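Alright, structures below, take your time with them.
Two complexes are shown next, each including subunit A; its partner changes from subunit B in the first to subunit C in the second.
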Partner chain A sequence: MSDYDLILLGAGPAGAAAAIKARSLGLSVGVIDEASAAGGQVYRTPSPALTATQPDADRAKGDALRAKLAASGAVLYANHRVWSLRPGFSVIAIGPDGPLTLEAPNLIVAAGAVERHIPVTGWTLPGVIGLAGATILLKAHGVLPGRRVVVAGSGPLLLLVASKIVAAGGEVAAVVDAAPRASWLARAGSMLARPDLITKGANWLLALLKARVPIHSGTAIRAIHGTDGVESVTIGPVDRDWRPVGDAERTLAADAVCLGFGLLPSTDVTRLLGAEHRYKPELGGWIPAVDASLQTSVPGLFVAGDGAGVRGADAAPLSGELAALGVARRLGRGGGGGSAGEAAQTEANWHKSGRFGAAMSALAMPPPGAAAMIDPDATVCRCEGLTRAMLDAAIAAGARTLADLKATTRCGMGPCGGRVCGEAAAMLIAAATGWDREAIGQPSARPPLRPVPLAAITGAFDYDELPIPAPAPL
Partner chain B sequence: MAGDLRIGSAWTRTVSFRFDGETLTAREGETLAAALYAQGRRTLRISRDDSGPRGAFCFMGVCQECVVSIDGRLTEACRTPVHNGLVVESVR
Partner chain C sequence: MSALYDLAVIGGGILGSAAACRAAEGGMRTIVIEQQTLGSGASGVNAGTLSLQIKRVRLMPYAIKGHELWEKAGERVGFHKTGGITLAFNQREADLLHERMALKREAGAPIELITPARVAELEPNLSRKVVAASWCAEDGYANASLSGAYYRTLLEAAGVDIRERTPVTAIDRSGSAFELATPAGPVRATRLLLACGAWLRSAGAMIGLDLPVRARVNTVSVTERGPALVGTVVGHATGLLTLKQKPNGSILIGGGWQGTGSPDEGRSSVDPATLLPNLRLAMFAVPGLDRFRVVRSWTGFEANVPDFFPLAGAAPGIDNAFLLGCVRGGYTIGPYIGALMGDLILGREPELPLFDPGRFATGASAAA
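For the complex of A and B:
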């Protein structure tokens, strides 16, 4: 028996918009999110005690989204972590009050994205944090990543994080962008569609120039040094394919590093449910194959937001509405010609709105040569303590898929489930074999999708009540 | 790394908690990972593989680097709001 017409996984901008749209079409909707409130990463709720900061556009958008979702009549299961699913669909989660299983004939996965990482020597030191993590520290907690910070990697988060650090009174030792300046210019055409966002980016840049922050394009971190935490960072030039070149290195004093290489769509749920996926580097990598209503190859399973391809927060709500319209049509609700027209219009708006975000996503995407940034002694799989040299040895011995690497080295088998190291491991296989990233495929998804305490799965039980079959006669 | 990395004085209520026996303060509602990081307690555990120090990395519940022990249960510090009297042990 179904609990809802539709279950939403994720209450970020895409999931919340989908839930609100589906409710307006008369569907019953349950929304599950890991966080304590709706908003996703981009509109994450600031700590309740952080009150007197200057108004922030993202915070206002987040508050509006939370208010609309609360008023929509959708049921929000906050602080719930989905760790398994069954076809048809059962969603199995763990929350503050224990296990929760919900059922619905339709599922929209709006799980967003995680950050893509390219390991460098020393990136495990305390004080090295993700660029996305830095935005959480700055925006939700009012905490600086450090006193003197190197902001490195690729994509638009570099400028956002660096400008926020400067605005908060911290020092940025350098912005280190692996992409050559020409890559930004090459995408100017797609960006011109959104002059408001160009202005936003230009303001970030202006703030950095005013603070005399050095911005190094075509440059990457060679190594991060320190004993108990970050003390200095060595940077050097990379070529157009992001391979380190030449010996023009320099070492900067710093107490923190913010590091990231764009966003990677979260596909673990759609993989677990057996949906087909396509490799689209311009949208962040592997994404589910979808029809015009964002339905995957599994009937009733829809996707929305960055998990359907990284297009950013402005495009996300439109994809959520599109998927909600698709679900309503599938249920024969809110139908009629008007609905088809609305869907077509929403789809057109979504494509238009997504162009800027997709250009940004493409800008952050490492080319194949970026694997050369990873030194042999750099830890790739943090959970299992595996260096590039260890993984290269397994690849030389014949590992050709992420499953091979997992079986031979335990890479990706730790508590993060390969969500931090998986892309880097795939880049190493591609580099060693000369294959395209696409040919390496995706890791298989298996429950538990998230770390779950065993006690939470088994629940309370009495040993005496366990059925124990009689032993077979000898 | 000395000092406190919190920006300005926009906070209202503070609470105290214990980390490996040391009493520290946090702003109410702040996550444990942010409170520890802001006060320079960046090393949360020592890696069993390379014996190197490790600390919070993603701050969004993905990487599991900030796992600590609360009431004997492994918990991500980045998903745990600090409340008054919270007792936290690092994982050795």
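For the complex of A and C:
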């Protein structure tokens, strides 16, 4: 018994657009999101305590999206965390009122992206946060990561975060970008198609220059120092392949570090449901293999937004609409010959608008040499306290896949489930063996997709009603 | 022409590796061919429970020997002898417990019945709704995820060749030897042992056997690390719960609840519909679990045959071919029964009798 024609996982720009489109085609739609309101990361609603902050363009776009979604008739399940799924599809979540299971023959996963981490010595100190995490802190809570912040890693989030810190009155000790300056220019072609976004980037840059923030390209953090928190950061040059070179190091005083290396498509759900995936570094890494309507190898399972390949917020709504059109066609709904033409047009527009985002994503993507940035004593797997040296030893002893590493070292077995350490661990295997990433594989997706308290899963129950099968043979 | 081995073992789990080690130590030139990596199947993903209380009566002598071998492996496999408690929460379960534990005790397991008050002394954090319980001081657990690394060391020391990520795609026995086709080239051997667990059925088909092997899809869950809650291995009278807290504070929950999928699909999945009662049973037994977050549930394939006893012996109707698969308790028994199998292949009389696969009709004569 289906609850809806379509369930959407994620109410960001892709998910909301998909829901609105599907409703306009007459489909019944349920939308599930972890956050308290629609908008995703990019249009995240500010905390109510922040109403006095200056309105910005993202805020206005987010409010418009929320209003449109509310008017569409799609049912939004906010504050719901999906922890498991069954084929066909059942979505199993935990919400404010307890467990919730929803069923639908079609599922669009618009779960966005997660941060790519490359561990450096000291990154486990209090005061070090992810770049994407920093945007949430700044946007939703108006909180500065620290008084004097080093913003480091790669990709466009560096400029966004640094400029937001400056705008909020914080000090940025330095922007430290591993990519050589030339690689930004190499992407200029793709960027010229979007002068509006270039202007946005230029404005961030201008704000940083005005605040006299030093911007170091071709540079990376060598180590973060401190006892109870960040006290200073040592940076040094890296070569074109992001390998540390030379001894031109300098140490900057800082009490916080925002560190991130671009975004990884979030593929937990599609992996759990057994969809095929491909490794596409130009789109952020592993993504589900899809057809022209963004349907995966599992019939009825569609993807949209950054989860289908990191292309950014502007391309996301088009991918959502494309997937919604695919769902409608699969259900034999949504009106005749016009829809094929509309899908083709939407697909073309999506490809066009995705070019800029994909170029940005590629800019953040670490080349294989970046594994050299990880010192032997840097903690790679935080949950289990495993350093690079420990993982390298296991690789030298024969571990060739993430599953091997997990079995021999427990890497990825903790609460993060490989979400934080999986990329770095795969980089280490690739660096040691020369194997390509497809062969090294992905972390296996297992329920629960996020750690869930046992009591939240089990709920209240009566022992005598447990469906206990026949006992094992004597 | 590739080298001729005395023995080719298909399957690098506990059983195949233990048999290969014994055969190599007896002088046979031996190779293990594994489709994934050593110990990546049931050997590596089971809950690691070493409990005589959940072993079948007829298998008890083998299980006791298996315990001894795991204890000897010690730290290398994360062995811990903690003792184990089996719980009954109503009269029906208590009757079952009394009946079963009496027979297992007769078979040699040092199991005693204990009162609910004694349970509360031994494990103050268990449910107070216990109506009957049993205790076995020999019970404990090891860390199944170390199986592959452990046997890699043993195989290398015994001089066994190891070929991993190498699926066998066909077996030809037209000549004097078996020729195994693999993507990495053929492997030739005068003797063949199939020890590939839930994949025994498809491997058997390659030599014309129709083995009655089906796969069970067992579910295991683990929590994040937490404060000390239980020190022993906790079970349920029906055998449908195993629970233990590892030294790092994480809690492993098993019990053989069935997921979905099959070896032919190459994939299995946790079924939330069976995970739920599995976790509820765990919560009922150990109420303090409510605060623990589950970080991962997974599944693994366990071979199964109609009478739930091992397959261990000569392949019916095929000279120099042998079958080895364990059903129920394979992790506990595996090191021992694998070694017995090695003895049989070496032409020695095994210390305890094996389990002749010829007890099932396998259609071998038609293929031979």
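FYI, the second predicted complex is superposed on the first by the 461 of 474 C-alpha atoms of A that agree within 3 Å, B and C clash if a C-alpha of one lies under 4 Å from a C-alpha of the other, contacts with A are read in each partner's own complex, and residues count from 1 in each chain.
One rule holds for everything that comes next: a residue touches a chain if its C-beta (ideal position, glycine included) is under 8 Å from a C-beta of that chain, and two chains touch if they have at least 3 such contacts.
Because the structure is predicted, anything quoted here is derived from the model rather than measured.
In the superposed pair of complexes, A:His141 makes contact with subunit B only, with no contact to subunit C. Of the two partner chains placed by the overlay, subunit B and subunit C both lie in contact with A:Pro415. By the document's definition of touching, of the two partners only subunit C reaches A:Tyr463; subunit B does not.
In the superposition on chain A, A:Gly229 makes contact with subunit B only, while subunit C stays out of contact range. After overlaying the two complexes on the shared chain, residue contacts for A:Leu454 are found with subunit C alone; subunit B is out of touch. Note: residues 414-415, 451, 453 of subunit A belong to the subunit B contact set and to the subunit C contact set alike, using the contact criterion stated above. Note for the complex: subunit A touches subunit B at residues 34, 36, 41, 47-53, 114-115, 124-130, 132-134, 136-138, 140-147, 168-169, 228-229, 255, 379, 382-386, 414-416, 419-420, 451, 453. Those residues of subunit B that touch subunit A in the complex are listed here as 1, 3, 5-8, 10-13, 27-31, 34, 37-38, 42-44, 47-50, 52-65, 67, 73-74, 79, 81. Per the touch definition, subunit C reaches subunit A in the complex via residues 37, 39-40, 44, 54, 56-57, 89-90, 96, 100, 103, 129, 145-146, 148-149, 152, 165, 222-225, 237-240, 256, 267, 269-273, 275-277, 279-284, 289-298, 308, 328. For subunit A in complex with subunit C, the residues that touch the partner chain are 84, 86-87, 90, 92, 272, 274, 397-398, 400-401, 403-404, 406-408, 410, 413-415, 417, 444, 446-448, 451-455, 457-458, 461, 463-464, 466-469, 471-474.
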